[in-house]
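Two complexes are shown next, each including chain A; its partner changes from chain B in the first to chain C in the second.
Moving on to the complex of A and B:
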């Protein structure tokens, strides 16, 4: 019986239209992002990456889902059948449940093609599922259901013609204002949930967030449909109990993405995957599909380094920690997050990556910089093939003499490792 | 004011619409002032100059049809002049309060964008009212505007001028052309057919 009513709700109510709107809107949003040559995004070839894309689409889809919820929530009064429905034997909460269930089916059905479009371009390059992605997937679904519940409750409590569009705009504003104001309250907004390459949700925070969304949904639906609305207080208290610790979590940049309090480095994603042949180039497992392209970019730099050197991608765990631990013969590839075009498995700007890697390679982690050190840095960053142009007379000479250049670079790296100022003076006197 | 006109305005919810648009304009001005005082990310005013006109035309949509469209259509003489008056009045209500709010809180450049967006979105609502009921004619405008807000165009040239016209600067011709064409097409369709059943 309920299944039949739900099917009717889906086909003849707002369900089918909502599913189409969610699917078309989400796909269009993805295509616009995809078509934009300037757009970069987190690497999508992992479970959390793909789900982050879906959550971001919530800035568009969330308000539309809320509007649909409000439209359905207010329909009894709008169609002037509310008095008529008070005499039917089926209790209101059962009718509401089937209406909401039809909308949930619609949202889910609409999201599946969006998810497919986000995942399809990078799926062949998927090298790692991603830690705790099912929890992130649950939060993504709860994001949309929260919007739906907000709309439904608003439509039921304020059953006016204008409720639906106003609710949509309110949900949009609630989603973007914390972004503009950089407020920690933004951590309660589902569309801005954190994500990042090589990171996974902290279990405790993820569970707290799931309970926060669930409690909100139950409170709102109870408020909308229960005979005794006071029952909504119970889940509301639970929601507040979850919201307080979540919204007061420190909101800061952790070196790779925002909201370090929500995420932690994912040890499996950060394990190194290296080329079989020498000289060895390593990237983290979450970026494994980029290894051939990265190898092509960094091998010319690697050829300039002392024999036996290798190069590995580095994840910045703590930006305040200063100098990274020194590993003999190891040069660093900057973390690869955001270096692909959105929904792509290719490096976006190879020259940029090479330049950054060379600059990182020649960075001397010394407390005070002398003029000699600065000049040596300028020379070093312009003599590696593929960089430049070399303007310093020493750089011009070294650029033409491979043996001398490689010896100079080896001496520079030794000086930089020990912060040896006399050695820097010697390097710029040659 | 004649009794007939007063009742007509009452039936179309004119006072409530004017009040709602005025409240939306005040909200625009207040939020602009609040953002202006803070140290926020650049581009904070785009949602205001886009969502404000959207709210205004959403409220105006209510006035495009009476309680019984079928009854109105059954009259011996259709009244395009009355519909034209509705379009003009709706245009004034949708444009003037948001523009005043823009002038008061955002400056001339943003006000030009507010006026253009009000014109274009009203055209979209008028077009929609011909194919769907007036009570739902705000839906395409809402869907489109939220889409543009969620995916703001990053370029001020090429295809972005066309699909993202509400979020382009006010001194570019193409977005203005689109807005005016939408209004003209919407008004023509509304004058000819009236609201959908």
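Moving on to the complex of A and C:
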């Protein structure tokens, strides 16, 4: 392939424009996310988090890339240069490859500033490269190449002016419909590939997905440019062979991605990182950058907890959902995913995190709830400093008396651990 | 048996081209035999005579339905031969588009690459082709900014860039002003010294001034082969029903009206 001709294709073809559109579009999307105070976004201080952010941008950038592919694919017939090109000696696939390569360079050049905008604010806080992030990076690139190939093939087969906008619309609809309908077919859509704190791609599924995208790309480009279109059958069969197991994977769409079947906990990400000074506060390595902020929120709560009670010197932030295992001297709360501010290495809402921690701390893991238990929970969650306001008369009294409050909390935690109903009744009678 | 190396640059025998299928089939070329040597050849004929079809077959755009087409000593039916022919072929179709954002130099350079010219020769060949068609001062102008005549000259430059041994020009002077036409004729005469050039045209003056040989077609067959002087002689023997027509034009009309004219010219 001639670098000179590829440069020409980039400068004079659609390449330069595509690079600009991807860059501007991606940055605008990022800024809109950043400006929205309610946006959680994926935790971006990890390699997979950054790539996940990029992939999500693909919902809008993917159709744009597909449109550019269609525009270039239909160029020969649209510009009526097809007869001139028929009599040249260089095989068509070389010509097509150069045109597609110029677009790939354009997409990459356009994504780099988007990646920089997503990554730059949190890059100094990056504590964890991310397990198998190169595989996730490959999938992110293949996401855009798949869109490009869809457009290129459509443009070649339907060489009209309206092909590009129609292709963009079709790609957009094809990407979002399975997501909104929560269809398992969505697992074949590149824009909804998995991300998540402390998670890494399952190797077999990741490789299958990479082969699925590659086979699609080869089949589409062969269909568009090969002398014998039947050659596209071979990669198409391979694509189907990969699509069947992928689309039938058990799935659970968590609002961000199909994580259940695609990812597994990353042991490196889950390693604990703790403060040096007491009382010790620990978070997982993937959230290491949040440790100072979490410590600031947690320590006033820890001060309320008596030594030797259910919760002791360590306060550990664990991503395992559901009932935590009881370990003396250790408390477990839900993970921090989604608690970070977008484009920041800081917590999104410290008060919210404090409230959630306290509510979780006071949760009694009992099979049946009684009115006493519910009232005790309401009292407990409003008497820790920084929470509230306390409306229950008992809570109002305890909020003003530190010693009594701490004694009440200790008794509550003991009752909660043993699901001791008479003890709860006693707590609300005081 | 004729050796392939002994064949003229264009050797066509029993060439047939049919469009459509069954009852809608139409014969565009019917058992055509043609050999062309080095020099400038004019392809004349009325609309629908099969000129453009013949040009498209010779340029390897269109496959023949029947017969054999040997170009530059190679068989166009063979994929490997066809690629070699295309390396040594220049073709300017009757109607063609371009890449509007490319400059003239980029457009010609792109075609040099498409014709697999060695990179070491490409840059000089591009400049030479642009200069030959008189667009040196417009080399950095974008194609979308060119007039119709200039666009045609840029098209000619891409046909010339690989220094073809066989040059096929379909209506090359359409859109050129008289001065450009004169320059074009000089250029074609110069190229024809060592190249086989076939020009398909309606403009008989072009034929008279640049062509060594003419091929007159009608209804998918060759009606007459000879020199422009032959056609002029034929025209001189025919009384003109229209004032102001040249002997060449009268010869052209007469040849098309009667096949006997061929024998007469011969």
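The rule is short, and it goes like this: the second predicted complex is superposed on the first by the 406 of 430 C-alpha atoms of A that agree within 3 Å, B and C clash if a C-alpha of one lies under 4 Å from a C-alpha of the other, contacts with A are read in each partner's own complex, and residues count from 1 in each chain.
The rule is short, and it goes like this: a residue touches a chain if its C-beta (ideal position, glycine included) is under 8 Å from a C-beta of that chain, and two chains touch if they have at least 3 such contacts.
Given the structure is predicted, the values throughout are model-derived calculations rather than measurements.
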| item | value |
| --- | --- |
| Which of chain B and chain C A:32 touches, first, second, both or neither | first |
| Touched partner set for A:165, first chain B, second chain C, both or neither | first |
| Residue contacts on chain A - larger count, chain B or chain C | B |
| First (chain B), second (chain C), both or neither touched by A:67 | first |
| Chain B versus chain C as contact partner of A:244, first or second or both or neither | neither |
| Which superposed partner A:278 touches (first chain B, second chain C, both, neither) | neither |
| Partner chain in contact with A:59 - chain B first, chain C second, else both or neither | first |
| Chain B/chain C common contact set on chain A | none |
| Residue ranges of chain A touching chain C (in the complex, touch as defined) | 2, 4-5, 8, 12-13, 75, 79-81, 83-91, 95 |
| Partner chain A, residues of chain B touching it in the complex | 20, 35, 38, 40-41, 44, 47, 51, 54-55, 58-59, 62, 135, 138-139, 142-143, 146-147, 149-151, 154, 163 |
| Contacting residues of chain A [partner chain B, same complex] | 21, 25, 28-29, 32-33, 36, 38-39, 57, 59-60, 63-64, 67, 78, 161-162, 165-166, 168-169, 172-173, 176, 179-182 |
| Complex contact set, residues of chain C against chain A | 59-61, 83-84, 86-87, 89, 91, 93, 95-102, 106, 109-111, 113-116, 119, 155, 158 |
